[in-house]
Amino acid sequence: MKTYPIQEMKNVKIHGRTKMGPDFLPLFWNNAGVEVNCTGGELWIDLEVDSAFYEAWIATELNGAFMSRQMLHPGTCSICLYRSMTPGPVKNVKFYRELQAMGNMERTILLVKGFRTDGEFLPVEEKPYRLEFVGDSITSGEGSYGATEDTEWLSMYMSSSRNYANIIGKKLNADIRIISQGGFGVLTGWDNNPNTNIPSIYDPICGPAIGDFNEVLGAQEINDFEAWKPHVIIVNLGTNDASAFRQPAFTDPVTGETFQQRMNPDGSYVKEDLERFTDAVKAFLAQLRKRNPDSYIVWVYGMLGYDLSVPIAGAVADYRRETGDNRVDYITLPNTEVDAYGAHMHPGYASHVAAAKVLTRYLAERLGC
Amino acid sequence: MKTYPIQEMKNVKIHGRTKMGPDFLPLFWNNAGVEVNCTGGELWIDLEVDSAFYEAWIATELNGAFMSRQMLHPGTCSICLYRSMTPGPVKNVKFYRELQAMGNMERTILLVKGFRTDGEFLPVEEKPYRLEFVGDSITSGEGSYGATEDTEWLSMYMSSSRNYANIIGKKLNADIRIISQGGFGVLTGWDNNPNTNIPSIYDPICGPAIGDFNEVLGAQEINDFEAWKPHVIIVNLGTNDASAFRQPAFTDPVTGETFQQRMNPDGSYVKEDLERFTDAVKAFLAQLRKRNPDSYIVWVYGMLGYDLSVPIAGAVADYRRETGDNRVDYITLPNTEVDAYGAHMHPGYASHVAAAKVLTRYLAERLGC
Amino acid sequence: MKTYPIQEMKNVKIHGRTKMGPDFLPLFWNNAGVEVNCTGGELWIDLEVDSAFYEAWIATELNGAFMSRQMLHPGTCSICLYRSMTPGPVKNVKFYRELQAMGNMERTILLVKGFRTDGEFLPVEEKPYRLEFVGDSITSGEGSYGATEDTEWLSMYMSSSRNYANIIGKKLNADIRIISQGGFGVLTGWDNNPNTNIPSIYDPICGPAIGDFNEVLGAQEINDFEAWKPHVIIVNLGTNDASAFRQPAFTDPVTGETFQQRMNPDGSYVKEDLERFTDAVKAFLAQLRKRNPDSYIVWVYGMLGYDLSVPIAGAVADYRRETGDNRVDYITLPNTEVDAYGAHMHPGYASHVAAAKVLTRYLAERLGC
Amino acid sequence: MKTYPIQEMKNVKIHGRTKMGPDFLPLFWNNAGVEVNCTGGELWIDLEVDSAFYEAWIATELNGAFMSRQMLHPGTCSICLYRSMTPGPVKNVKFYRELQAMGNMERTILLVKGFRTDGEFLPVEEKPYRLEFVGDSITSGEGSYGATEDTEWLSMYMSSSRNYANIIGKKLNADIRIISQGGFGVLTGWDNNPNTNIPSIYDPICGPAIGDFNEVLGAQEINDFEAWKPHVIIVNLGTNDASAFRQPAFTDPVTGETFQQRMNPDGSYVKEDLERFTDAVKAFLAQLRKRNPDSYIVWVYGMLGYDLSVPIAGAVADYRRETGDNRVDYITLPNTEVDAYGAHMHPGYASHVAAAKVLTRYLAERLGC
């Protein structure tokens, strides 16, 4: 078998925002990965991994079919993607990250170093459509694996393999990217933390991936938005902003400042708090538009309840009116059925399938396919 | 068998807005009907019917299960609801109109005169929930019967038996009412006719049922909104308003005046035209609120496309902001899948089932059941 | 409108075994009916009906889609099959019997007298495949309509419209015939009555239709097996034979003779009783073969339990060995799921759909389609 | 973390036929595995693996939910079953073999050496029912993973995780065992090899696991049938015997002897060849009965076609008649739908789900649950 360093490979298709390193390719995001067409009878991928509490999980596909899913441990390792196959015919293999991008005090780093095979690599086609999914834990696939009684916040429950984004990509023959962080909102996180919002991490290659090493990897550099222009951006946010209204105030551990989205005694939202949320929605649309002038944007919502449906949609409408930018839309996705929850009261696989069905129909019409 | 004149019956449950006549009960709307618990071995219903081009269609249920569906012809007639059953045990029977309320130049009148049975009638329970569905041809069940290649506008293709409203009522154990007119919108009909809008017909018992005879029946009297207060009003409108933007101007045949909702050359909606649509949405919400101060209102949209999703939702948001009335909501329903169309490019039964699933989940949470 | 007497019509497709009378066409069996391609704007069918306890039920289809279902009463009547349609284009209409053939002391007679239309009739195509279904109450569609708590034995609960035979015919684009009688077995009825067996009624046009009037109609004449040769005969029998083993002996009300299929104390079947059952299976296969030398025969079983699966299949195997006739087969159908029962503890519509799926797959492979 | 050698563990539930070694537990069969209830925050399993062409594949479950699936390589290794969980609460973990037992010239050996954890192990409950599945490649889950265009015979395409046996076990809350070999039949293998038959390998712990090392592991010792008595044995065989009739003769590479199941020119089976097949069915039933005097036996067939349905069922009937042993049954399972094939023209996951549905209904009634 011959070793192919990733940085020298011409025929590798890279999924997800990233930046090639001198001798590695970081996989930051959920569903970030590498895809090859290999003629070899055997194929291995060489990795370098670092993690502590939140270990990396990955999945592999062979010819488009899910084949394996496993936890990775810190250190270098090689994963056999297939072996004992007939040399010659092309095998399409995708290796991708199951775990969302990790930030904060934790780091979960997954670097592709290269491949080893007895064959060679042929070009991998670009799909006719590109879809970018921006979201929270739902889009991180939290709960798409795991028993309904499991309630811890752990790597293994997240996935892109059973994720609605992945299902849609396969159905529409589209390349997909996922930008998601569990607990994050448009304005605040689920706990009123005003820092855990997606807009603040959208522009860099991988905003949440902080720390010295991630900086070396280029995570904090502004993403090259010219290089991969999505036909449609699907924003699935608001679920944690809705949660915030029901949570106590968040106190910043450093500054001591507090932040809270408040409800009135009658259960309605406090006017100015709701407005800063809807302002955040509009601002995020403007930010997305600035970065993606050609993309259609659809905000989707509802897989875990419809609390903020009207405020979000109203903000989308206001954005349209104020900017004249009509290439933004709003639909709701089916709420998770009572028997379709996965781990941690998040949408289970059946719920991802149901959401994918509705959204596939929407996108097919939008894309004209 | 003994004859029970409808106006003398104590134990009959009346479905749908109507007004008891001296010796008849008019069934104006889709799903309007009469329900009895009968101990007889045999049960007939006596009817008086009038129609011309658009004949009346009705359906019957026995113990909650669909049993028959047929066309009725002008004149008096009796329909056997069951026979040859064991006298004594209670049989629950519902007789209801499949065809929407009919107006304009046509009249399709269906009057219940009474029942005949060898048994007696026992009280029929009220369901714990009441749901009012307000809509257009989708809610009139157009296309829920008929082959996909059938494209004429005829009575037989409409139904409440295969209607999402009916499916939801059964799943949630709720009494339902339907107020719907094919081709109608919030502001205009599908063809830019500014008169075929639902708000203008919502207040009377049966607004579209015009003409001398319908007036005698009481159709144009203001409905008694105190008598039946829905827990939730589901408004499924906007599909025809969206259509109008793509149609030529409507010319009033009497006044010669024209009306048109216009698109800009770039496919966006002309600002003032869109505003009069969103104004109509807000005005209709205010009208519904005035008539139904205690009801929750949810606007649903999307079974035939999402064109006006953002404007409608924006109007709902504006209505909330302007009135402080937060008991209005907005969600989208799954667009009809390509293989789920029924007759006349309308949602087929499978599409009604899919919409009912999403909306049942929503309503169950709203109703706390 | 012009009247078309049935006996003079060239362009009518007749479904089901029957014999044209001087001025009527009897519809004996479940799914027996007439199908026309009519260019008129309006179409009526003229009928003559007789019944007492068990009234006739019928259904209609327009362009292949179910449209109506209703009870008929004794006397002459006309049913409007459609009206208000655009004259000119062809409308395909099927009018068919929902109720199984009725015999014994009851008679339920349904005669087609002709049609009336303002258009004309064009030829109706023969389907590429012909399927004959021979069975008991399952194949009579008993319980395919009605609530699960309904347990009376009544006409209205039977159907061909929601019958697996009908579903299969549509899926495979096949013409179908049904020969079925509720309560009947291969050897005995459900109550050990040795006379209520399907073999004894298979050869005539409509064996169960006894009595003077049915005789006049030709019901007891031997069917013309040359005129309609099924590609496959599906025999769905054995459920009532299984029941008999659990029932007390039957006493013939006329002769006083008794008959009983017996179980041993350990729950196994008494050897000679089981043998006369399996002998009856083999004899019926021989009878079917004699009448249908070219047809493939598949015995299906299991929609209401698998008690006699092995004895039936063993008899099919013995028949093959003893005759060298290998064009007989055996498969089981899915047992009715606990939540899929219809009325009278019989398969509901969902169970018919499930059985149809398995059998359609089987027949498609058999027919090479 | 403390190491728990497998041979010293009291609270480990062993799945599948095996024999504890001095310091290892071999996992021979598909779905063979170990299950623990662990209080630790972290749990690892220590393994020793040997393989060449056909590598071992395994899967893990956490609290009954599928979590991971991966290829193993020769040597010793540790797999982390979970980590970062809250110490204290019980986590139920199952580690099991995806790959069927391997024999012939290949060996694929998977030995559990023990566990490591920071917690302790509590007892694992026995399920109320025990089911044994005996079969061929279908029951080895071949094709339950992999793309439909994949046609090589490789480890990765087999599974118990997406296997109907596994689905049924979960639905019925039953412990299951699988005894299966791809390509094997009752009399011959798919290629007329008379040695690749299941009866010849049924009695030992793991008949196909030949060779010196497997002998040391105890694979060829007679299984302890007293230790685990299945309530029901499901035999899913005959598919390869059917194939043999369409294949050329098999020539034994050692003796030069040939063997062939032959068809007559008319497509029927040669009488004596069919008889040796049905004799083999009967003999296998007798063998199963001898080893499992208390078990109910049901032969199932059809997921890849019904060619031998009648001969198999006839043999079951003959076996009943000849032995008086009526506790054997026969049903067919749904043939794989055209769109439900997995890899290598074998049943895909959707087909396993469909078969499991029918068989679950059967077994639930049989078990009275």
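Here the chain labels run A, B, C and D in written order, and each chain numbers its own residues starting at 1.
The working rule: a residue touches a chain if its C-beta (ideal position, glycine included) is under 8 Å from a C-beta of that chain, and two chains touch if they have at least 3 such contacts.
It should be emphasised that the depicted structure is a prediction, and the values quoted were computed from it without experimental measurement.
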Hop count on the shortest chain-contact route linking chain A and chain C comes to 2
Could you say what rotation angle superposes chain A on its sequence twin chain B, using C-alpha positions and rounding to the nearest 5°? 180
Classification of the chain C:chain D interface as same or different, half of numbers criterion: same
If you average the Cα atoms per chain, which one ends up farthest from chain C? A
Using the average of all C-alpha atoms in each chain as its centre, how far is it in Å between chain C and chain D? 42
Distance between chain A and chain D based on Cα centroids, please, to the nearest Å. 38
Rounded to a whole Å, what is the gap between the Cα centroids of chain B and chain D? 56
Shared-interface residues of chain D (touching two or more other chains) are none
Which word fits the touch map of the chains here: line, ring, star, complete or other? ring
Pull out all the chain pairs that touch, please. A-B, A-D, B-C, C-D
Going by the contact rule at the top, pick out the chain C residues touching chain B in the complex. 53-55, 62-71, 73, 80, 82-86, 145-147, 149-150, 152, 154-156, 343
What residues on chain C touch chain D, complex-wise? 268, 302, 305-306, 309-311, 313-318, 320-321, 324, 326, 328-332, 334-335, 337-338, 357-358, 361-362, 365
